[in-house]
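In the two complexes that follow, subunit A is the common piece, with subunit B as its partner first and subunit C second.
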Partner chain A sequence: MKNQEEHSIYKVSNSRKRSKWALKYQEQCQANLKKVGMPSRNAEYWKFTSPKLWNTTGIISGSEKNLPENDTQYIENRPEFYVDFVDGIIDPVTLQNLNKKLKECEISNFEESVCDQFHWANKLLGEAETKARKSYERPFALLNGGETSQGLFLNCKESPRKPIHIFYSGEIEDKVNIRHLLKINTDSEFHIIEHFSGNARYNVVTEGFLDPNSTLNHNRLVSRFARNSIITHFFINCMDSSVVKTIGINLSNGAVRNETFLNLEGSQCDVTLAGLGVGCNQSSICDNAVFIAHLENSSKSRQIIKNVLTQGAKAVFQGKIYVDPKAQKTDGYQMSNGLLLDEESDFLVKPELEIYADDVICSHGSTSGSLNSEHLFYLKSRGISANEARKILVEAFLEEVVEEISDLEFSKFVRKEIQETLG
Partner chain B sequence: MPKIYTEAKTGIDPGTIDSVNSLRGEYKYGFSTKIDMDYAPKGISEEIVKLISKKNLEPEWMLTWRLEAYRRWTKMFEPNWPMLKYEKIDYQDQYYYAKPKSLKERPKSLADVEPALLETYAKLGIPLKEQEFLAGVVGAEYASPDAKPKVAVDVVFDSVSVGTTFKDELAKLGIIFCSISEAIHSHPELVRKYIGTVVPRSDNYFATLNSAVFSDGSFVYIPEGVKCPMELSTYFRINAENTGQFERTLIIADKDSQVSYLEGCTAPMRDTNQLHAAVVELVALDNADIKYSTVQNWYPGDKNGKGGIYNFVTKRADCRGIRSKVMWTQIETGSAVTWKYPSCILRGDYSQGEFYSVAIANNYQQADTGTKMTHLGKGTRSRIVSKGISAGKAQNTYRGLVNIHPKALGSRNFTQCDSLLIGNRCGAHTVPYIENKNSSSRTEHEATTSKIDEDQLFYCLQRGIGEEDAVALIVNGFCKEVLQALPMEFALEAQKLVAISLEGSVG
Partner chain C sequence: MLEVKDLKVKISEVEKEIIQGFNLKINAGEVHAIMGPNGSGKSTLSHAICGKEGYEITGGDINLEGNSILELEAQDRATKGIFLAFQYPLEIPGVGNLSFMRTALNSQKKTRNEKELNPAEFLKLVKHKASQLSIDMEMLKRPLNVGFSGGEKKRNEILQMALLEPKLCILDETDSGLDVDAMRQVSQGVNALRSPNRSFLIITHYQRLLNYIKPDYVHIMVNGRIIKTGGPDLALQVEEKGYGHLNANQTN
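On to the complex of A and B.
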């Protein structure tokens, strides 16, 4: 079995020397990781799920729903703009094709970029991560920073007309570190969609820098074909009037943790975070850890988390809205809902507010429970079978998140995938 | 005797209101009484624990119990997770035992109590109005007992209980209401059976410290089928300097019984911080109903954050019986630092826990308070309403846990925590943990943070209400849900207290 290090492309590119700024960053990550260490269960940020899940291979034995041949459906209907990561290694052909088609963005792969001493990212790499570490330690991101050689550096100068898809797939069961860096320039709009499948234990870090008045649309689909534990980090720095919309869909039966840190450094930002999880298995863990820092006035943030749980699945949501004394007129909203379909599933939430400014409107809500029996009865009384009725209600429950997806093709695809997962 | 005693019989007496008004913005209970005190040497050690036990003439089992707690405490660490910043406490620089000298012999009635002590009560006035009731006891032989609602009072002064009222009347019904040191002698079987079963000795740093050095507190036992005819009340006061108060309260409500218990606390103004680490244990058996109300008004420190009480309290109720019910109501206006999470273990099927709280933090006060509801029995219900108000440079945190066990089928929780910010230098934080582990149970949580509504304020101002009064009015409206949960006479006083606590926070 080949792994990331043994891959031929990796070896070739590695023969070039990394430039100083990249080496410095890598060393810093390693030194910091040494200092903070890998998290233990005692750490508050890991209260509900054991960090071990992401530190050791936790391959899920393929259930019937996870037939690998279905993976090909991705390959058959490829979107216009896409990049492939196979076994954690970028497919250079797809990147070349993308670069040919896409004139609005400057895209390069990680290993090439870090060898360029004057690369546009030389001051940005690790910046958003450093800010995120002020809220909580992010040892898995440090681990990624110390080891990674794969990823995309993407400088968006104008708005591409269609979203860019990134596909992660492959057979290796080892860990895979991938790091992306996005820079969205003023007045441009960028949409990125990530698809996770395959056997690898992914650790993906995405750092984003939004210039004033720019927009980042981000969707992440962890498909039912992802068979290992996955941890993603999404660290975004927002300047004045920028807009972020990040939507995570998790249909995997493995342990998935998404750490999101949105740093609203500018005023009048508008950020939306939505998360949807369907857990149908005891090994299914959907863990969302969100930190939204309002540092300047008049920004708006909205979080919606929906989880459907059955057969011993577990969902965790730790969300925090932080409001700096300077961030007057902040509008923060957070809602987490858990739908428990049987007695074995767990829904654990910690929705936090930390507020130091008085002229704000901040609220959070959280509910958990089973399907409303009256709704079920209504549907059944109209001749819909109990099973069908349950399905309709579950889909309706999740729809609030799905409808947030701005790309119609993708939302259609997500709906289909949810239906498949629910069976 | 001061005049207010005689006027006290109709609602809130005008004297109290006047004295409140004349003292607006200041801490009303900041006087200290010069009483000769009997101190144990400063610091904590096994010898001190033995001395406290000896002073209370405790049996051997109690001493062993204390010593085990002390040994464990020496190996424990102070918790660092609360959102509180305070100077490190020097546990060796505290007196763990202080007793008014005149109380070498336990007084038979309040008539035996030193006049200086009684004067202290006279000055205290609201919120508990003990002074009038205490006076009522002194003159109980000739006053008509039906003249006013009765409240039986136990007073704990520094380390010891100085008097309990209406004891005989309660005894007729089989109710035991006395100081815990007395209960250890007179009802050892009950104390031994229940003490430490709700808050174990090893529970947390402060509870373990309390287990080792607690000197007194209240003990209540309501026998089967008895509905306690009057409010029971304990009044705590720290008087001596550098003294920690470590009281322990144990309330047992036997099957089908009912009791309402009030607790009030004050302390003199001191430049140094004083420590208060109490433990309250409630046991509710089948169908029992306990209502526990607190008005905590310890000295909060001055405007610059100097002095004030460090309040570290462990309060827990165990709803052991089916359909038992516990209701916690707290008005937290005092203390420099508050660390307090009155909680309910809903063990009995269909048991019910409620928590109503108003926490007001002004100037440099810090409050980290909330509740824990642990649902273990079937069909258990809990309701949490928490209102936090921050003004000045204060920090107010709600920290709560709702845990629904897989076996707690059909359980229900509702949580609402609202925060109000007055001024832009204070903070309001919400840290709830919600853990639902079965599908037939439902949890609901909602929280909001906002400032005083400008329209409401404008409306009041326009009608000639001053800004401070308007703020007090609006805040009282904000807290209404909780204030309504208090016993009647308490609620009126609490409203005043809310207004006083917010003095100087506007403008």
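On to the complex of A and C.
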């Protein structure tokens, strides 16, 4: 079996060469990374977790339990629209099938796209990332940009009737770089669902460009079958009246960091970020770093983060709402809740508001605590066992995030996976 | 059915005993009402009988059908047939009302080695019971008690009681926060559940609930013990003259 790097060399040497625009971007990433270097614990947005966790391979021991032979079997019925990435490499058959079925979008793989001099993405690749880097440096995204050869370039011209699922699975334990680029055209609505499982150390960057009045729905499930550290980047640029809903579900026992940057460049945008994490042992780290930039007037942003932690698990939430002087009538909301089931677990939170406009509504709150004993008694007084009552209340705590998922089939699947994870 | 013998209870954080030598015997099919002023220990008594954590039994015993239940946890007491209708039913977002009720009913059935109900069987049962309490299906689909009015919350408690078919029903100030119509509706629900095999302990401040649910006995509780027992007339006497009057008589 080839690893991702060997595959990439093979591909490049046997096909057309990358276009100038793609080579330029790749070189810039490498040069910028050389300049800024990989992060250390001294960096402001890395003070709660060590960057080393995402820079070295470490398969989590003991999490093989219940692991199906093929990771992707964990979802019983394959959805109608899907693409597989196995060991970090796109399965061309699944892409071909998707292209046949999906007439609303123009989809190509990364390597094919970057060889096309006139590809629609030639002015977009790296643009949202550059904007994100203005908030703070993103060395792992630069690392990805300098090395990657895999991913999807997707130009959504009309609204597909169902979500497109991406499955990442496989056995290699190496690092895997994947980069997607999404363009959602005016009046289109697009829903993408990512499923992470397998042994690879994923570094995934998704750049999204939303034209006026478009909608992007995004769900990310890092399943209980993901057995290595994972870092994701979700950099989205929003024009007038566009809508983003991104929901992250983390059920892995490894280190997972999600960096989200939503750039509300247009007015009257409406964005929601919701995330839940279930951490059941010491190796479980769920680290969310969110930056939402309100740059024009009358946009709305909402963040809801929920983490259930036990047996020494750790969760981090660093969420910032930035409001530009021009962004009057901004409505920003941020809430993070940690449910600590023992005294060994940690929920570390750094909420930030940076506001330069005077006519705004912005609020943030954070709580952490144990299960409500009155609620427990209420359930027990009806004959429900203590264990069952605790499980019901933990699931109820997470439900606020799950019910944000608009695809009912997927939300049902997520509920089932949460139950399996909680045991 | 229930026998409380010389019960002494204190709340963990408080030194003083809230219940001080409480005695009560309720036979099958009987309805007993306990009335008393604020702070007399009525709610503490109901929580102690139901096994709420944080209530320390420092003396005496509680027997259900001849067996002590003091060592049993709340869920086991519920399975043995004790039901508490809460004074303030809790709102629990994220827990569906219907799935909660089905889990409760099936948990009890499982413990008693009875056949559990599948979703269709349960739905049929709950629809039937809910219609008797004027509870519509929309209310059942909502999260547990979330956004319910005072009357809806209490009717939801009675619906749970009807589904679980307990042997001993404790109603803790069920009339609080209810208007006359809601009280009538709730009372009708309770009366429909009266049977020779089921006993009731009704805790209330006011006599008015007892116009709708006729008790066999009325007890007056002050400072953690019963100071007087009588028939329904005793409740009328309290309504007219207040608790102070009885308290003074007792002291004399």
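Criterion: the second predicted complex is superposed on the first by the 403 of 423 C-alpha atoms of A that agree within 3 Å, B and C clash if a C-alpha of one lies under 4 Å from a C-alpha of the other, contacts with A are read in each partner's own complex, and residues count from 1 in each chain.
Simple rule for what comes next: a contact is a pair of C-beta atoms (placed from the backbone, for glycine too) under 8 Å apart; a residue touches a chain by one contact, two chains touch by 3 or more.
What you see is a predicted model, and the numbers here were worked out from it, not measured in a lab.
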| said: With both complexes overlaid on chain A, does A:348 touch subunit B (first), subunit C (second), both or neither? | reply: first
| In the superposed arrangement, does A:379 touch subunit B (first), subunit C (second), both or neither? | second
| query | Does subunit B (first) or subunit C (second) touch A:328, or do both, or does neither? | reply | first
| field | subunit B versus subunit C as contact partner of A:358, first or second or both or neither | value | first
| query | Counting residues of subunit A in contact, which comes out ahead: subunit B or subunit C? | reply | B
| task | Please identify the positions on subunit A that touch both subunit B and subunit C, taking each partner from its own complex. | result | none
| task | State the interface residues of subunit A toward subunit C in the complex, per the touch definition above. | result | 373-375, 377-386, 388-389, 392-393, 395-400
| message | List the residues on subunit A that touch subunit B in their complex, please. | response | 44, 325, 328, 338, 340-370
| Can you name the residues of subunit C that touch subunit A in the complex? | 50-54, 73-75, 78-79, 83-84, 86, 89-90, 92-95, 100, 103-105, 107-108, 111, 143, 160, 164
| Given the complex with subunit A, which residues does subunit B contribute to the contact? | 81, 406, 409, 419, 421-451
